[in-house]
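Order as written gives the chain letters A, B and C; numbering starts at 1 within each chain.
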Amino acid sequence: MTDKIDTVVEKSVKPDARPRASIRPSASFVKAVSAVVWKDLQAEFRSRELFSAMLVFSLLIILIFNFALELDVRTRQSVTAGVLWATFAFAGTLGLNRSMAIEKDRGCLDGLLLAPVDRSAIYFGKVISNLAFMLIVELIVLPVYSVLYNVNLFQPGLLLVILLGSIGYVGVGTLLSAMSVQTRTRDILLPILLFPVVIPVLLAAVKASSGFLTGSDLADVMLPINLLIAYDIIFIALAFMVFDSVVEE
Amino acid sequence: MITVKKLVKRFGLKAVLRGLDFDVQPGEFVALLGPNGAGKTTFLRVLASLSRPSLGEVSVAGYRLPNEAAAVRARLGVVSHLPLLYGDLSAEENLRFYGRMYGILDLEPRITEVLEMVGLDARRRDLVRTYSRGMQQRLAIGRAVLHDPDVMLFDEPYTGLDQDASSMLDEVLKTVAARGRTVVMTSHDLARAEDLATRFDILSRGVISASASRTELERSNLLTFYKEALAG
Amino acid sequence: MESKPLTLKVLDIVAILVLVVATYMALNAPTERVMGEVQKVFYFHIGTAWTALLGFILAAVFSVVYLATKDLKWDRLQVASIEVSLVFFLITIVLGSIWARPAWNTWWTWDPRLTTAAVTELIYVAYFMLRQGIDDPDRRARFGAVYALVGGLSAPITFFAIRLFRTIHPVVIGGSNAEAEGGFSMTADMRTAFFFALFAFTIIFIDLFWNRIRLGNLQEKVEQLKLKVTM
């Protein structure tokens, strides 16, 4: 492939003549976060690796659930929320793993750490892009499930729960994936670390989702939603405080 | 520009750097040589603020590490043997990303300028994963000089490059150094280092065991100097 | 190599003694009317649960202290407390199972406490697996501390979440008195046995914890000596 051959034609190595002062950097937190998010979205848009893997995996899981559980009309009602969240939980680990692995493999994590910004900017940037990927996958899974099982999943309440639950999942998951990617056992480790600590999210999300799908009172549903919000805030705050320790040496 | 006093870096109980002293004046080009496992990469990582010193004092460009690390990073450009580039993005997209991370004002013209400097302007829209190793290394240097750092650190930059690519890299390094930047470069390749550096330091067993300027080495050659330093 | 301090040797003996006494008291306590003999498992069940919880809280505290001071001593303390807590949670779960079978005809009840204990066990196992995959001692300590902190916050939330949401298996949780599951009240004699069991297990916890710390310190010494020999 001629692409790989060093283009000797480009001998035009020009001297660096610009005066110094004009480019003195002034890095800002928000700018760095949005740079990271944009970079992730851009790279993913090109390769679509993460996205296709998560999506296909999700659909396969739903298929497996179909054969594993008797999803007849009656049981479907009570089980839909659970099936959805189990699917998201499993497929989510793929995205989290891959997202961090990309940084680690080409040494890009060092590149990020060399920037004169607060480490937590990297954390927030990653959380937002991981969240974006997860939400996109979820928004595709919903109509597929709706069609397969003749259930209307596009209710605002349900969408809210999915958003809050995903935030909590990705918030903790990004922190833990930053750790697991630096160990020998890498990919296998993330689910083992993540699932026990993300149980409150699953519990509350399933409870709230069920509530919305079966048309329960708002009072019943508010409790788990409040728990989700509390969890999201607590863990993102915690991650913000400890992320430095996780990426620095 | 760089001052290191009694630097100790331990990993658990094992000390890789053992009371290292190192002093670099602005504008010097120091070739840091030494056998594998001597601690060159570890030392460079400490200077790059990627690794915290266990003991000792380190200051780069007038700022102390690790307390003023952010200020150091703004004035530091690092090239390692890993490319630090995103394969799925194009050359200019990579530079744009890093430019934003460094908060560079007036970014677009600067990107073009840097790409021209490393001779990659014609292929700026191509994805980095289509680049050869030599081109990636040149782009990596471009990335490192984007924010116009005062100090540059190169960790084994010639690794994996063929003859042509190495020559190109020589050119780029000369250009970079010509601006009066302070450079520290580690290398296995004595021949390359010989051409470019103004000073040669040997890192052995966790400390700098010998140091000689280019003028001092005119008479004896580098290889002899190196071997003697390691033997001692 | 220093030998065991006298206090620790004494504590070892005291621990064994209190265990024996606690067993005696438990076995001789009045038999509960409804559940029969098996209810006596309860004394130890709560004892071990209490020590496990103690270890859990200490681990979270050690996390914070380690991250603040970066002194590896706190890491050793954390490993010791999590190990001890891991074992005691396991015993608690097993005893809970033994109690459940004859009392409610099931090996497992998905009640908040037991389930949270199981989840915490899994967090501990994950903790050790995380540490296992890291070679650098400082990084191992840092990651361990971070994960223990995450787990330390998550487990209580899990407990409350299950308590609030799992209506499939209604559970009567009466105040702070952990025996409310089956719901029985205690006579004075039973209360004495109960509190003594708590006391006994606290002693046992301190004893095991101290021994484990000592073991950790000795391991550290061995590592240092190994290093000196190879240099």
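The criterion applied here is as follows: a residue touches a chain if its C-beta (ideal position, glycine included) is under 8 Å from a C-beta of that chain, and two chains touch if they have at least 3 such contacts.
Just so it is clear, the structure is predicted and the values come from calculations on it, not from any experiment.
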item	value
Result of counting contacting C-beta pairs for A-B and A-C, higher pair	A-B
Innermost chain, where centres are averages of C-alpha coordinates	A
Euclidean distance of C-alpha centroids - chain B vs chain C, Å	51
Where chain A and chain C are represented by their mean Cα positions, the distance between them in whole Å	34
Centre distance in Å when chain A and chain B are each reduced to the mean of their C-alpha atoms	34
Numbers and ranges of chain A residues touching at least 2 other chains	249
For chain C, residues that touch 2 or more chains besides their own	138
Touching two or more other chains - residue numbers and ranges from chain B	none
For the chain B and chain C complex, residues of the former touching the latter	11-14
Sites on chain C touched by chain A in the complex	67, 119-120, 122-123, 125-126, 129-130, 132-135, 138-139, 142-143, 145-147, 149-151, 153-154, 157-158, 160-162, 164-166
Of all residues in chain A, those that touch chain B in their complex	3-16, 18, 20, 22-28, 31-32, 34-36, 38-39, 42-44, 46-47, 102, 106-108, 110-118, 248-249
Residues of chain B that touch chain A when the two form their complex	45, 48-52, 70-71, 73-74, 76, 78, 80, 82-89, 93, 97-98, 100-106, 110, 113, 116-123, 126-127, 130-132, 134-135, 143, 145, 147-148, 162, 164-165, 168, 171-172, 175-176, 178-179
Residues of chain C that touch chain B when the two form their complex	136-138, 223-224, 227
